[in-house]
Amino acid sequence: MSEHTYDYVILGNSTAAIAAMEAIREKDAQGSMAIVSDQMAHCYCSPLITYVLCGKVPEERLNYRPRDVYRQLQVTTYLGRAATRLDPAAHTVTLADGVELRYGKLLLATGGTPIVPDLPGVDLQGVFTFTRYEDMARVREFINSHKVRQAVVVGAGMIGVKVAEAFATLGLETTVVELRDRVLALALDETGSEMAEQALEDHRVRVITSSAVTSLGGSNGLVQSVTLDSGSRLPAQVVVMAVGVRPNIKLAQQAGLGVNRGVLVDDHLRTSDPYIYAAGDVAEAYDPLTGEPRPLAIWPAAYLQGEIAGRNMAGTDVTYEGSIAMNSIQVCGLPTISVGLVEPPGRAEVLEYRSADGKSYRRMFLVNDRIVGAVFVGDVDRAGIITGLIRSQMDVSSFKEKLIQRDLGLLSLPKQYRKHIVMGPGIEV
Amino acid sequence: MKRVYAKEEVCIGCRLCEIYCIFQHSGHHTLVKAFLDQENLPEPAVRVEEDGAMSFALQCRHCDDAPCVAACIAGAMTRDPHTGAIKHDEERCVGCWSCVMVCPFGAIRMDNEKGKVGSKCDLCEGKGIPACVAHCPNEALIYE
Amino acid sequence: MDMHRLPPFKIHAACGTLGILDRTRAAVPAEDIVRGMANMRERGNGLGAGYVGYGIYPEHADDYCLHMMGLDDGARERLRSYLQTVCNIRHDEPIQTRPTPTIHDEPILWRWFVQPREDKLAGRDPEDYLVNVVMTINRDVEGCYIASSGKNMGIFKGVGYPEPIAEYYRLEEYNAHCWIAHTRFPTNTGGWWGGAHPFGLLQWSIVHNGELSSYGVNKRYVASFGYECTLFTDSEVISYMLDLLCRRHRLTIEQAALAMAPPEWEEVDRVTDPARKRMLTIMRQTYPGALLNGPFAVIAGHDGGMVGLSDRLKLRPLVAAEKGARGYIASEEAAIWAAGGQPEKSWPVVAGQPVRFDLYEAKEAAA
Amino acid sequence: MPLTTVHPQFIIKRDMDLCIQCGVCTRQCSYDAQKIDPEDGRVSSDPRTCVGCQRCVTLCPTGALVVTERELHGRSHPNWSLQVQRAIHRQAESGGMLLTGMGTDKNYRIYWDNLVLNASQVTNPSIDPLREPMELRTFLGAKPERVEFDDEGNPVSQAGPLLTLDTPIMFSAMSYGSISFNACYSLARAAKNAGTYFNTGEGGLHRDLYEYADHAIVQVASGRFGVTPQYLDAAAAVEIKIGQGAKPGIGGHLPGEKVSAEISATRMIPEGSDAISPAPHHDIYSIEDLKQLIYALKEATNYSKPVSVKIAAVNYVVPIAVGAVRAGADIVAMDGTRGGSGATPTVIRDNVGIPIEFALAAVDSRLRQEGIRHQASLVVAGGFRNSADIAKAIALGADAVYIGTSALIALGCHMCQSCYTGKCTWGICTQDPYLTKRLNPEIGTRSLTNLLRAWSLEIKEMLGGMGMNSIDSLRGNREMLRGIGLTTEELEILEVAPVGR
């Protein structure tokens, strides 16, 4: 048996992969395990790369687990080498350098790849995507080595907004261009987006919505300008494409696994091949609120899926109840949290609260007395109580009027729910 | 693992738990000195909710499958493998409030000036019985 | 020395006791009991000793014999004038004595053989009647005290060690099938003739070594049945208690012992046989006043024989032995050996369990 | 509002060096004597409404508070003491009877302190309670005068239905309604733990306490509150309440605002209506009426449980008590003048009734003289403070002792005598849910069980010291008592010898 044979092989090195690794080792102390990643970096907190860019977080605090985590859990690492071919029948995966690994069980946790629209000038120097540590390192190095004064970020999603904030913090004249009519359209509702835009403007980030980038202009190979469909031209020495991320399904597709937008998995996170599992941004798992599977590129879901996939791979039988969409993002100092559906279906009941000074805003949508979505902007204190109510799909009719009140607490909830928590052994929401 | 449970029927809303939690984490040796040192007086990790005759004290439940550990993007919220307690590392916290988003008890307190999670219950690790339990005058908080 | 109106305080004493019974009614020579008592000289302080003999007045076997101690010459006549009003005096005579070194201040000693007067009985039980007569004499007849009042038995006691008392009362002249004796170590009194043991009432006689801490309860318990304690000694209360339990409540000796020295509740709770448990429970519920608490070891003589009982913690010694027809009970086994040589069998009296030696004839009658 | 001439009774001193402005005292004070001044958010106090319950002092985390009785000022006068003047001021304002809680605070002589107990030294040894089982087991009820046996040696005599106590101490009557449910619950559970009994008082038995009914003595008082067949059936004994030591001869009054839904259900009276217990039972105007009620209750419970009669110790307590025994009472409970109460006219509490020591001595002696002491047990109550009082009472002849105030103190009461206000800060004598929570029944049960356990241990220690290993030998053993500083008549009534004799 060649020395590259493992009971478990994990493709990917982010939160889903780490959660799976730890879950497997906890259940199976002896099983041999390998982890493969096309990135050289030790496992790191990817959402923090914008904080590192603008110096808010020192680089050494980026690692997600201690440096020796792989040695402690006896996991062999294959870093900086992408997996190029997967052969489910032969139970093998071949890496870029030709090395072939044989696996008992395999986890696909290869996350997502940034979408790069096919625009003229997109290959110019100074144009970057921003999902990985290397992207951040290259942008930082580019800014330091070139005369950069203006920056344009294409796409005002989660990544776009945080990159724009970072550039503004670095003192660059920053503009973010968004195709839709408002920023963070997936995460917030209209009022939420308005407040987010205001926060960006207060942070000297210019926001242009309902407009698309048609082309990038440059001179001697460096990007110099961005032209919009409105015809206006924005000077820019650095451009970040943040229009979205797509599950990294190429390997799975070529291996003949069931895929849609992401790799399809069942309630045990198994793919169509019983020995191959998938978790994290690459997977398309069940969303209890919408009732059908969809890719969910959010950190907590990735961790949870990784953990459950790991346990199942190690032989225990755990079902994954699905994750609901949720985002917590601080836009230039303005905390925002959204949970569940942000655009409520048809005749949802809406509860809304706006503080006198307009600084904090809450909105909840209820469908037959169950909360299906909530947005908190400004004051997000104890928002998790509502998250708990959404996940448990609890009937809130008896305390509906208390939900939106500022001093929402466990005392506002029925005694049974509270009793159960306060006396119960922990979270069973 | 041992956890702190509140017995609502006998919580008298006196807030001594909060006072002793502050004192325990104040670094001072006398209660009076702790409260004189107003500026760096810590927030209590336990919070008393009161509505008329109903009241009880709530702190982090140190859940077995803690959603806050899953949600934390900075590895600041971790579970201590020995004690099972959920620890919060103030250094690493970036104030993204993901933990606040997922904690179903709303037991995580935000410290807006510092832009980080405020004091979070550490079960008074290394200091014996949690201070809130030890000083509840009516045994409304039990540690088992 | 005022015999009657003593200050009402409790008399504390330690003591030595010895009882010898010949179950065939054969005479037990007085010298045996005296030799046994001499052996326990340490247990007394010479301030009190006494003997009770059963079967000593065969010729008056059916008459109640009152042994009288009189303070002065007039006492006898005062007793006669009262006694005539309540009893028929069959015969009365002095109790023979002889001057003996160390014996002094002796009272007038006289014995009366009497029967209750039919006309005065008015249907009352003669023994109840006699108990009243005795208590009335002790209380009201000036300078007069009745030491014993049983049939065919008598108590010979006074201030002194056992040997001189036996010598003084010329005990060798009596043929008793049962002798019970006592030597006394009183503490707070100079000792007086009436206070010595044994203490007798009708057929019962008591010698006692111990100190009842429950005296106050026992005294008030028998008082509520009409017994009036005048001597403030444990033996007085115990003898009234025996008379109450055995004669008036007609309890057997075992049942009376259960009332006086009951098993502890821990033990009662462990009893499995429901009938026995119910019996023990009803006894303790009914007779808390009879519980003798504190250390005691008692030898009680009665017409049918002799009984020994010690407290349920066995805080005072009591040992029993057998040799042929003879039964022995004593504070010390050494006294038994001294009295009648090495016994065939000897055993310690079990705490709270009575030991009894009955006349063979009594057994046949009962069987 | 005209000027009130009633000066504050207490002084509240706050050490500002220690006060950390935490506000615990303001939340704990139910008399508005400690408040947060809205102006600057700092704590402040108003002595006028303070009743001196020491709640704030106890809970203050830094011990910054001292509450002391305010010395009454003004020219002293032997006849017109300042207390007398205050009472007149109050009545000039209220025009009503002055109410108070707890037992009399007039310093009548406490005769227990004039009696001392015996101990063995040489002639009879002490019994070591560590080695020998010390028996406190006590039976309350009618016992046979003697035990008769059939031929097979089985007893044919029968004792009446009896209460079996593991220790001669019971909890006195305190009704649900005057004290909180948590207090009743604690008393019930502690009674069960200690193998003794609690008394429902006139308030009926709350449905949640039926689980402890086998340790309950249920009262039938002149108001007949909560008296149902189940109530009588479930209990261990039934007690007819004729009187109460703190207020002999008068009835009781629980104000309507205290009669919550729970209390109205338990007492079977409309919610919010005043619960009045009339002075006499309006069906007991003579001793034979009492006999009828005793036997009615015995019939109702088909002679399965003892019936007790509780009377206040008054001048004719001997004929009344002996009469009750002759009327069929299995237990006679006598409540002395120092007994406590939730709400009582002060003038009656302080001037009516005789000390329990004499009532007990006289009644026990008379019952023995009459030869009927075995027909009923004697239970005494009224101001029992410690296990020595209890041991002395048993030596005088009591079978058992009811304790009330000492139980309340164990639960946290600080004797501020304001029970009638219903704002008891210790959660005992109140129905306000914000206050009743303060008495955690787990703690309450533990405190009461501890108190009974401690006192029982002390009684065993004293018994051993007297050379006894059973309470039976102390009950009525007046030899074990000696009197100090008592007159010869007092010694004679108590039938106790003076010290030295």
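Order of writing sets the chain letters: A, B, C and D. Residues in each chain are counted from 1.
Everything that follows uses one rule, which is that a residue touches a chain if its C-beta (ideal position, glycine included) is under 8 Å from a C-beta of that chain, and two chains touch if they have at least 3 such contacts.
Since the structure is predicted, the reported quantities are computational estimates derived from the model, not experimental observations.
Student: Taking contact as defined at the start, I'd like the list of chains shared as neighbours by subunit A and subunit B.
Tutor: A chain counts here if it touches both subunit A and subunit B, and no chain qualifies.
Student: Using only alpha carbons, which chain's centroid is the nearest to the whole structure's centroid?
Tutor: D
Student: Please tell me whether B-D or C-D has the greater number of C-beta pairs in contact.
Tutor: Greater number of contacting C-beta pairs: C-D.
Student: Hey, how far is the Cα centre of subunit B from the one of subunit D, in Å?
Tutor: 44
Student: So how far apart, in whole Å, are subunit C and subunit D when each is placed at the average of its C-alpha atoms?
Tutor: Inter-chain centre distance comes to 48 Å.
Student: Can you compute the centre-to-centre distance for subunit A and subunit C, using the mean CA position of each chain? Integer Å is fine.
Tutor: From the centre of subunit A to the centre of subunit C is 105 Å.
Student: Roughly how far is subunit A from subunit D, going centre to centre by Cα mean, in whole Å?
Tutor: The computed centroid separation for subunit A versus subunit D comes out at 70 Å.
Student: If you look at subunit B, which of its residues touch at least two other chains?
Tutor: 7
Student: Enumerate the residues of subunit C that touch no fewer than two other chains.
Tutor: None at all.
Student: What's the complete list of touching chain pairs for this entry?
Tutor: Chains touch in the following pairs: A-B, B-D, C-D.
Student: For the complex, give me every residue of subunit C touching subunit D.
Tutor: Counting only subunit C, the residues touching subunit D are 7-10, 12-14, 187, 210-217, 219-220, 223-225, 249-252, 255, 259, 264-266, 275, 278-279, 282-289, 291, 293-295, 313, 315.
Student: Sort out for me which residues of subunit A touch subunit B in the complex.
Tutor: Residue positions touching the partner: 19, 45, 47-48, 51, 56-57, 61, 63-65, 299-300, 303-304, 307, 326-330, 333, 335, 337, 339, 380-385, 387-388, 391, 408-412, 415, 418-419, 421-423, 425-427, 429.
Student: Please output the residues of subunit B touching subunit A within their complex, sorted ascending.
Tutor: 3, 5-8, 49-51, 54-56, 58, 61-67, 69-71, 73-75, 91-92, 94-106, 108, 110, 115
Student: Quick check: in the complex, which residue numbers of subunit D touch subunit C?
Tutor: Per the touch definition, subunit D meets subunit C at residues 120, 123-125, 127, 132-133, 135, 137, 139, 143-149, 153-155, 157-159, 162, 368-369, 371, 373-374, 395, 466-470, 472-480, 497, 501.
Student: Would you pull the subunit D residues touching subunit B in the complex into a rising list?
Tutor: 17-18, 20-24, 27-28, 58-59, 61-62, 427, 432-434, 437-438, 440-443
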